[in-house]
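The structures considered in this document are given below.
What follows is a pair of complexes built around subunit A, which joins subunit B in one and subunit C in the other.
Let's turn to the complex of A and B:
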């Protein structure tokens, strides 16, 4: 036996560099991710201005203090939260509701399921531009044209601070609800049948089974959808950029849009990076907490 | 055995390395031999779209390959700032307006063009620099001193398109409802209110203007009105003074006009949405760039062709008319490695012949006197029985000037200023409160 092992070793000498070779691509990817990140964090402590790249000075916490003292930052911070929590709640409820309707087989269900993923196949920026046309303020807008038929005056969906954020939420829900539906549909179709049969034998109602069986068993899916959608909606940029650019009067000015204004439009890279770093901290904290919850849900 | 394998693998590695170096060398020498190739970064505009048609002709004539990247305006400026701030030499020529000219010239990203203009070996004898409107050449010069020096210092770019601001109005609606074409801003307000009504079942709004949260909202009609009231953006010491009593008064009147005589959702209007709304007959007045007449008077595109009148901007309280202006120009990257080739292209693209050939493709208004007065241009722009040309000529020669104080802060200050206008429109602040708060923020931006 030992002789055989020795012979094998002689024929295939252990390649000491193999582990390093295998991890090399990951190492390169890590540098590719970490280098811009660390550079970005470094810029938050400098006065880096795009139009004066030769004059980068260390300014300590000045950018942070300045931004944390400004009302605009806290408005953007709250708005980002309101937007993210609203879309996540709506998409969870809508996604689960539609998935429950589609889980049973009935004629045309496959076609319906294929139609549902269309919004996800369109790039978000294109969807946002399409919605911009639908939501035009006068009767040029499709929605206002329809409302006009029932005698409702045109509404400035994107041009009024009372309705602009609601419109953003509507667009996001339209684009991303199919994602929630698909995850929930997959989850529902893989649920074990036995507990339901046992509950039915015991005379449990549909609502009871939903509360006590479906929801707990679907918890990993719920956490998964929340995780993906929350991180994505905290970082929302494309939809707002294509429609309102943070207006009217700052009604849709999220952290990401504010950072775009600071860094790209006003060239203040240092300040722009502070907004992005705060956004990263938020995403990181939530993703850590939710992935821990997801692991727990899977273990149950 | 192992030694033999090792030897083979190291030879193989060496061979691969040599091949790689050889390829790299070939690539580099290929790049060197490509000196007869220039790169243009352009934004979507009638000038660029028309000049692109003639590029094959230029390539055939000179043997120089011209590679272009055409982007819509927002994406264009993002790409441009990324390229220039990284000191990339890839793009040799690009388009810009004066706020960018001031920012990029100050950053050292633009090549001064005077030495090229004065060099007879690079500049064709028939490329006449004195043929450009002197006002537009002045817009392209700056001495890099914040707050002063417009028209002084180096020539940083060559003008290819000019616009000033008029009130386009629907003659048919004004006649039908017996409203007099306005001569003052108060009359604009009254007319806007009177014409916001249902006409043959369709809702018409009296007055339209851009409204998005961007400095480009400030620039056309609003800054024209603001300047007519004697108000300014900055004083001599670069202190923001948009909250002056005159500034507050005209801002209040302007926003009141939009609220009571404009479309709902004014803050969502970009220039092209406003233009489309006027084109489809939804506005009675539209205060924007005069060259949009080309679209309004084109029966293939417009429902209002032949019904449009052109009004000079109304006079301010002192009876003086003042208009803002905008100039699109071509500039050269200071980091370019093919400056001579780039300059030769620039002289070709801004020659009398080429600018004349862009006119039928809606590149209006021309920046050369000879092109503006050419019978073909006269025929192409003789809209509303010559009313268009009369107003455009008066604007260019008498009333239209850059109304921003030359500095590198125009886009930042303008974005904040536009946010203040939206706050007034929303009713969350009065004109005085919003402008005072914006002025404070702008002063803070400038002081940093």
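Let's turn to the complex of A and C:
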């Protein structure tokens, strides 16, 4: 991303205004995105309710103070982090593991690699619905049926507040671990050969080479997977909406879902936008920090 | 030495077998469900062996008024058509707006360039509702809710930043010497762009178009907030098979298959570009 500037020396434009002219339509589109964004930030300081749109009053920080004092907010905040960090860790480990198994050529490896894109290309909402069927409680669900064969009692999965978040993590891992696998595969295939040959001559063990060579060399990939997966899982929406809608008893009520309920279901646009602004701040900070880290890792 | 190598191979096969069972199992199961009749599909415990039937596909192909058992059923053909219209229009508009921007970001240097590019990128990482909810208020005022043009405009948020960033990378991949040589030969920048850059970037453009189409097709949250009865898309409509009063598992499964199969076929054509696309061009893959 940021290496563009370093890599290419550019042609001088034939006349000074041409580049602006060419970017202009996209620039207009950008305004179209920025305007609602700023409007949204403004709403956080008002009592805007969808049922009474004629009566917008500036209320200062009242929404913020109210929300920061509520238990629901902090519960959603923690839940969002628990979900995001769990999926990032699982997907990193699983992604690297499967990529290591897929990196050498063997008969059928191309086919397996092309299977990887299937879960990612299905609309997340549809994947979530598929899993909802698979995770049906009692022995109605096929997963419980399979677990029954190895002697595990039926689990309520999405229906129980103790297992709902775990089910959500399972669904997210199913959809997005191929993303991690593909990035790690690309990274593994572009590793330099020489350090490995030198290490082998010195009699280094496989584990030693993995720890001292592969992991450090893969650092840019690790940061990149973390960047994309962390941000996308902080703002997870589709898969929760399709399955539990935040339930049961708030067990999967993340910030994004809660903002939807505040703004659309309970018409409290001002409060909903506060949730979203906090979430946006989190996403922005993490994406900024991680993309900087990524550029740094690339330069090393 | 030999036994340890064989042992490793067995472990590797087991690992890959386990992962791909996990990755493909659900799709196989849904495909099976879509071929079950209405009794088999709700059988408890679930049936692994059954006589396949196409009745679910026939039912959803008939749309709202096929058969007479259910009073209102999800109008699947309409959702399919809506999604096709909105996703295609979105990609066309993005391509028109974005190609020139991508080229100029790749080739020319000008003030605020990186700021413009990074602002675009930052919306890839913003929570969607942060933009859509205020947009909903604006759309309501100017009457764009539940309209194809409104949704096409809003969907630009999904496809335009993506298209600009990835295409920019493809234009940068073209050796500058080729373009410079053409300029020396007396081509204008437009001539260079049309005769040289555009044809050379063609495979990349094709991949970006297909991926943008898939992203637009897959989107849910935009059409949920900004759409309505008239413009209902597949991702929204498919939820209608699981309602409060009844659950049409078989038809839901059939709808899922029809929604997913065209996309998977498209995706296989561009699989060499997938990594590049999904990382906004960060990994050339």
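Keep in mind that, in the parts below, the second predicted complex is superposed on the first by the 278 of 300 C-alpha atoms of A that agree within 3 Å, B and C clash if a C-alpha of one lies under 4 Å from a C-alpha of the other, contacts with A are read in each partner's own complex, and residues count from 1 in each chain.
Definition applied: a contact is a pair of C-beta atoms (placed from the backbone, for glycine too) under 8 Å apart; a residue touches a chain by one contact, two chains touch by 3 or more.
Please read these numbers as outputs of a predicted model, since none were measured by experiment.
A.B. asks: Tell me which partner A:82 touches in the superposition: subunit B (first), subunit C (second), both or neither.
C.D. replies: neither
A.B. asks: If you stack the two complexes on chain A, which partner ends up touching A:266: first (subunit B), second (subunit C), both, or neither?
C.D. replies: first
A.B. asks: Which partner does A:156 contact after superposing on A: first (subunit B), second (subunit C), both, neither?
C.D. replies: first
A.B. asks: State whether A:247 touches subunit B only (first), subunit C only (second), both chains, or neither.
C.D. replies: Once the two structures are laid over each other on A, A:247 reaches subunit B alone.
A.B. asks: State whether A:289 touches subunit B only (first), subunit C only (second), both chains, or neither.
C.D. replies: Neither partner.
A.B. asks: Counting only touches as set out at the top, which of subunit B and subunit C does A:215 meet: first, second, both, neither?
C.D. replies: Once the two structures are laid over each other on A, A:215 reaches no partner at all.
A.B. asks: Which of the two partners, first being subunit B and second being subunit C, lies in contact with A:52: first, second, both, or neither?
C.D. replies: A:52 contacts subunit B only, not subunit C.
A.B. asks: I'd like to know which partner A:121 touches here: subunit B for first, subunit C for second, both or neither.
C.D. replies: second
A.B. asks: When the two structures are laid over each other on chain A, which of subunit B and subunit C touches more residues of subunit A?
C.D. replies: C
A.B. asks: So, does A:281 touch the first partner subunit B, the second partner subunit C, both, or neither?
C.D. replies: Touch status of A:281: no partner.
A.B. asks: For subunit A, give the residues common to its interface with subunit B and its interface with subunit C.
C.D. replies: Correct list for subunit A: 13, 53, 138-140, 264.
A.B. asks: Under the stated contact criterion, what part of subunit A meets subunit B in this complex?
C.D. replies: The contact residues of subunit A facing subunit B are 13, 47, 50-53, 136-140, 154-161, 243-250, 261, 264-267.
A.B. asks: Within the complex, which stretch of subunit A touches subunit C?
C.D. replies: That would be residues 1, 4-5, 7-14, 16, 18-20, 22-23, 25-27, 29-30, 32-37, 39-40, 43, 53, 94, 97-98, 101-102, 112, 114-127, 129-134, 138-142, 145, 148, 174, 177-179, 182-183, 186-187, 221, 224, 228, 231, 234-235, 237-238, 241-242, 255-256, 259-260, 263-264, 269, 272-273, 276-277, 279-280, 283-284, 287, 294 of subunit A.
A.B. asks: Which residues of subunit C touch subunit A in their complex?
C.D. replies: 12, 15-16, 19-20, 22-24, 26-27, 29-30, 33, 42, 44-46, 96-98, 100-101, 103-110, 113-114, 116-117, 119-123, 125-135, 137-138, 153, 156-157, 160, 164-165, 168-169, 172, 176, 179-180, 183, 188-189, 214, 217-221, 224-225, 234-235, 238-239, 242, 249, 252-253, 256, 259-260, 263-264, 267-268, 271, 274-275, 278-283, 285
A.B. asks: Once bound in the complex, which stretches of subunit B touch subunit A?
C.D. replies: 2, 78, 81, 85, 87, 103-104, 106-107, 202-203, 205, 211-214, 263-269, 273, 276-277, 280, 282, 408, 411-412, 415, 419, 422-423, 425-426, 428, 445, 448
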